[in-house]
Amino acid sequence: MRKEITSKDVRKFLSNNIVPIIFIVLCAVCIPVAGYTGQYLVDQIITRIVRNSFLVLSLLIPIMAGMGLNFGMTLGAMAGQIGLIFVTSWNIVSIPGLLLAAIIATPIAVVLGWFCGSMLNKAKGREMITSYMISFFMNGVYQLVVLYGMGPVIPLSNSRVILPRGYGVRNTIDLLSVRKSIDNFWAIRLFTDENGTGGITIPVLTFILIIALCLVIVWFRKTKIGQDMRAVGQDMEVAREAGIKVERTRILAIIISTVFAAYGMIIYLSNMGTLNTYNSHSQIGMFSIAALLVGGASVSKASIKNVFLGIILFHLMFILTPQAGRNLIGQAQIGEFFRVFVSYGVITLSLVLYEIRTRREKAESARNLALGQKQEEKA
Amino acid sequence: MDRAMEILKGFGLPRLIITLFLVALFIIAPFAGISVTASITDVLGRFGQNAIMVLAMVPMIHSGCGLNFGLPLGIISGLLGATLAIETGIHGPVSFILAILYSTPFAIILGWGYGKLLNRVKGGEMMIATYVGFSSVAFMSIMWLILPYSSPTMVWGYTGQGLRTTISTEGFYYHILRDTLSINIGHLSISLAEILFFAFFAFIIWAFLHTKTGTAMTAVGSNPVFARASGINIDRQRTLSVIMSTWLGALGILCYQQGYGFVQLYQGPMYMAMPAVSAILIGGASVNKANITNVIIGTILYQGIVSMTPSVMNSLIHTDMSEVLRIIVSNGMILYALTRKTGASR
Amino acid sequence: MSEMSKSLLEMQNVSKEYNGNPVLKDVNFSLNAGEVLGLVGENGAGKSTLMNILFGMDVIHQTGGYGGKVLIDGQEVKFASPLDALKAGIGMVHQEFSLLPGFTAAENILLNREPENKSVLSLVFGDRANTIDRKDLQKQAIAAITKLGVQLDPDMLVSEMPVGHKQFTEISREISKSAIRLLVLDEPTAVLTEKEAEMLLKAIRNLADQGISVIFITHRLQEILDVCNKVVVMRDGRIIKELEAADTSIAEMAKLMVGREVSTDKPKQDHDERKISDKIVLSVNNLWVDMPGETVRDVNLEVRDGEILGIGGLAGQGKLGIPNGIMGLFPAGGKVTLNGSEIPLNNPRACLDSSLAFVSEDRRGVGLLLDESLEWNIAFPAMQIQNKFLKNYLGGLIKWRDQAAIKEVTEKYISQLQIKCTSSTQKAKELSGGNQQKICLAKAFALEPKLLFVSEPTRGIDIGAKALVLQALREYNRKNGVTIVMISSELEELRQICDRIAIITDGAVSGILPADRPSEDFGMLMVGKTKKEAM
Amino acid sequence: MKSAKEIFDIRFFVRLACIVVIIALAVFLYNFGKERTLLVDNWTIEINGTSYRAEDWAKVSVDGQKAQEYSPRMRISFPLRGRTHTIAITYDDKSFNEIELPVVEFKLEHDSSLISIPALVAGLPAEECIQEFIVQPAPEAAAEENPEEAIAEQDAGFGDMTMEI
């Protein structure tokens, strides 16, 4: 039997997927204007997926636990950076360096995640703004530690990391020693030209890691704790009545997210090759969240599919707009501003749509009641 | 004793620590070779510059819209007013009045739209306000590039298109309030005009809250269901409060510019909401209660710390930790207000 | 069958006080395995307190415990928490569903008791790292559903279920708990359609046949006759009578439920012979109101000039929805006419403008500005609606709050209603419940309405304050000729003060009777018999 | 209260073992992954009072990598991972015979070390041929960075918009 597609279904589909649709249209318009080759774009997209997917995946679990978008993932990014600062200072190179950075980052991320989770338990119903402010607050603490603690209190001395004045970490740290060490461990190059440059590079090991994390998340949904989180996410009171430890479960969700974000940041920075000590983490939360939302996720619902679709669309837009701006108006800056506007705009739009949708669902019951009476009258 | 504890509790521990910290700074200052009178001049100057932006928080808190993280919207109206006033090329005090006049319609229109939006997202105002602010800043960044301004003081010299990132108010309304009616006692200089300017608007807000409409607004913030049951149009009160906040934000940035000397475009307004939000919280406001006293105390405490810490710290330990300290204190204050059990209705 | 003779649950002289007010006195009954016990009584008769005691709820411990003994299998028990009660095999299904909308029936049935696959990872990450055994989960859920004997798809999402299936899911959850021996059902049929209710009753019998005892709380007395072995009727914290279901009737139960001793049967107050004109002030046609928990489906009502009309009925039947809907606090539809002109619904302002006023049952949520002064609370609506207590400047452009006038009116009502407070600027949240209620009345009086809705004016306040509040209402009616519509769950209170009483069941008016009719008549209306049958 | 038995159950020991393994892994990674600089040096050197003259020609291979040829006063740096390494030296004696020295194994203790070819050729034990090499901090050419400024700028919202991600 063929299902009739009514205009109502179309409208519902559009309103539920408005953000990805906007982006697909946007990208479709920008691709010819920017004039990049398909090969270049594919290679760029692969690089972005490698860089960002771990970070974006880390956002899924708090959404599952009903805590909204975890703006506090910045805390995880800080932990990852601290791990990298240590290994760079100690001169641990290549994959062992990254592994060690991850080991160092884990306990820091756990503590930060616990702090963030406990704070959010005190601000139920406004988790997002609170996690956002936590990221700002902890940014200050991070700067205190990195700028004044490292050197005198935490004994680091490597001149590649520490400023000549003897305390504080440099603005930028060159991560040459660990740069792309996971990506290059096993990379497949396709369509290279005669010089062996250009073309598409596929870092197999990184992809294996990302797929492994996806599997972990799939597995996680099937565990008891995953089930508990879904329960808590739907209704805290019902979950509490059933004997689930609500507060603990929520804290765990944030801790897991923070730890994954720390690993994600390590992968991200190792791919980038430089660490902007005072900047890298501060915007990464925003960009990851925007990417996830572009993929069609909402404040209360997100899947692995959203993550990858989101990264592809969001970063395609990010690559295209400056060039499109230059070709169209002759100013790349407009494109740069535009993509930032779009990032913020997407988050705003998604938040607004979410709130409106929640209220609309509440209003539904009144309509049903009026309908019921009318039907009775007819009968 | 209990009474004292009660007062202390009402005052709040973080506020107490901040006050004591500021007092300590003033006590240490002379020993660190810093002139107290110069410091006071500085703090009062900053007070005059920033107080109106803090005042812009009051109407929205009163109507229950929470902390106005969307202040950048008001600032943008102010920037539009400022740039249009400079574009006319009229110098002197008139340019300041022009800037206020030009920015008013923008503030009303933007505030109206912003208020309508916030009415549709009751309960999630603060997060959405933050991102409305950010998006509008990013949007205006594009606009500053393409709007057809032509005044040579504002436009990039070499391309002849797009506004500069910072525009000097020198010759227009630089120190238009700061240098009027200023009292000089030794090194202490107090700008009466600036303070009177603030006092005037603080009085208007105070008076407004004593009228019928102001009373309704407070009731909406205190208990929206009660207000609705009493026949108040909640949405209209909220929209009105948002328009007021936005307009005060526009005035605030103009007042800031005359003291600071520059119009900051592009990403300038991005994070300007945070200091204002944390100042009013330091002053004793909560997410849904605020008054003029909170504004005055908060601005003095916040600006006191911002201006005193760098100089004192620098001369004591030769390390400028002030910026980091400011980030921790101001954001910590907001976090404290958000995670407090009381006033958790929104 | 020697097992059957020994009682599973026995209550001996159970009593309970809240702040010195006795709410349960000397409750004695026993229940054998496999028996179904019907528990009936008006709201506030003590049913829920009794159940709270049985389950060891926190609210009991926090208010000083209880007197008497609860015995299970002849052994005295004192449960520290509902979890202990659960361990002893007692389960309860509450009136409000405690279900997760995004989970399937099976997941809800075994919520937090999911069967798990042991995995090695649990050694490191703890038990919660075990994966859930979906197959076993399904099997256990189906087992529980079969035991109950109803049709229920274990894979259906709760959000997509009809109400009846939700109820079945709740009951299945209790049954799936191992060692369940006693099940308490609190008004399980209230939200069900007739067919679903039938199925449920069958399921209850089914359970009883399997040896599970059931305590069945309901207001639908026919169901009691259909399914129970015996009936316990409670009133005012006492067990009035224990009956065998086989030899009683609805009429008898209804009488026992609401009936008072002969001496108090006649309302105490003098029904001063007064003429109520036939003029209709307010007429309500086909009103529906979407108020959660108090849905109004189809109400038709006429209020006469100068009378006090009572609206009664059991909780959840929709009596509270009527004033809330008319005053625009909840989405409503239908037609409401005041003195011949139609009042737009969903618009509180229009109601207030046409001289209606409302004292809400939700004092703290709707009735008061808790953080503001008494002056504000009393003067606010009058100021906003009727521009009272304002000074006009600049030709009315500036409407300044007239603090002196506000103070004056506040003090007037403070003395008139004997409100206990330190001053007129005290914050409303600092007052006691009774005084808060008086503030709410003063607020409405200050509006000088033609018709006043008063919803549950005596809920949660002490006896002294109750009498004062009722007295104030009556005086207001007599002196100012204001028509009052009073909604209350306490029938006696309505009978004391009202001229006529309408009873609401299932979101509609089941009958309107003069207040001096015997209380059994009201009882019959309450339990769903139409006016005709009650006669 | 939990009894000791409840606390010290199998799970406790498994967790303990996990932590121990992770710490051990961290230590291993630290040693295995640490990169140290080895300067292989063909200068005349004085050790314990004895002077060893630079070799006129030598071919040196560290850890079996591609061999490098040395003339006197030459110094090449090798970034080496891990602690234990080998060095193979081929040199000309006075009569221009190429002599292969047996492979020498040595350990690196410092971040930056210097190993002397003449000393090794002279047959000194490896430990004595290695010295810590202290890097002279090169004068900063660029103006000193100022993170405080970066923070202040970041708070004003600059530097976000052009960020590469």
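Going by the order they are written in, the chains are A, B, C and D; count residues from 1 in each one.
Following the convention adopted for this analysis, a contact is a pair of C-beta atoms (placed from the backbone, for glycine too) under 8 Å apart; a residue touches a chain by one contact, two chains touch by 3 or more.
Because the structure is a prediction, the values reported are computed rather than measured.
Participant: Among all other chains, pick the one whose mean CA position is farthest from the mean CA position of subunit D.
Facilitator: Result for the farthest chain: C.
Participant: Tally the contacting C-beta pairs at the C-D interface and at the A-C interface, and name the larger one.
Facilitator: Pair with the higher count of C-beta contacts: A-C.
Participant: List the centre-to-centre spacing of subunit C and subunit D in whole Å, with centres computed as mean CA coordinates.
Facilitator: 78
Participant: How many angstrom between the C-alpha centroids of subunit C and subunit B?
Facilitator: Subunit B and subunit C have C-alpha centres separated by 49 Å.
Participant: Would you mind pulling out the distance in Å between where the CA atoms of subunit B average out and where those of subunit D do?
Facilitator: About 55 Å, centre to centre.
Participant: Which residues of subunit C are in contact with two or more other chains?
Facilitator: There are none in subunit C.
Participant: In subunit B, which residues are in touch with two or more of the other chains?
Facilitator: 137-138, 141, 324, 327 - these are the residues of subunit B that touch more than one other chain.
Participant: So which stretches of subunit A touch two or more other chains?
Facilitator: 143, 147, 337, 340
Participant: Which residues of subunit C touch subunit B once you look at their complex with the stated criterion?
Facilitator: Answer in residue numbers: 327-329, 348-349, 351-353, 358, 360, 365-372, 376, 380-381, 383-385, 387, 390, 398-401.
Participant: Which residues of subunit C touch subunit A in the complex?
Facilitator: Going through subunit C, the ones touching subunit A are 83, 98-103, 107, 111-112, 114, 116, 127-132, 286, 288-290, 292, 295, 297-298, 331, 333.
Participant: With touch defined as at the start, can you tell me which subunit B residues reach subunit C in the complex?
Facilitator: Subunit B reaches subunit C through residues 210-213, 215-216, 218-219, 222-223, 225-226, 228-233, 289.
Participant: Where on subunit A does subunit D make contact in their complex?
Facilitator: Per the touch definition, subunit A meets subunit D at residues 48, 51-52, 87, 90-97, 99-100, 103-104, 143, 147, 159, 163-165, 168-171, 177, 272, 277-279, 282-284, 287, 315, 318, 336-337, 340.
Participant: Using the touch definition from the top, list the residues of subunit B that touch subunit A in their complex.
Facilitator: Subunit B reaches subunit A through residues 69, 117, 120-124, 126-128, 130-132, 134-135, 137-139, 141-142, 145-146, 162, 274, 319, 321, 324-325, 327-328, 331-332, 334-335, 338-341, 344, 346.
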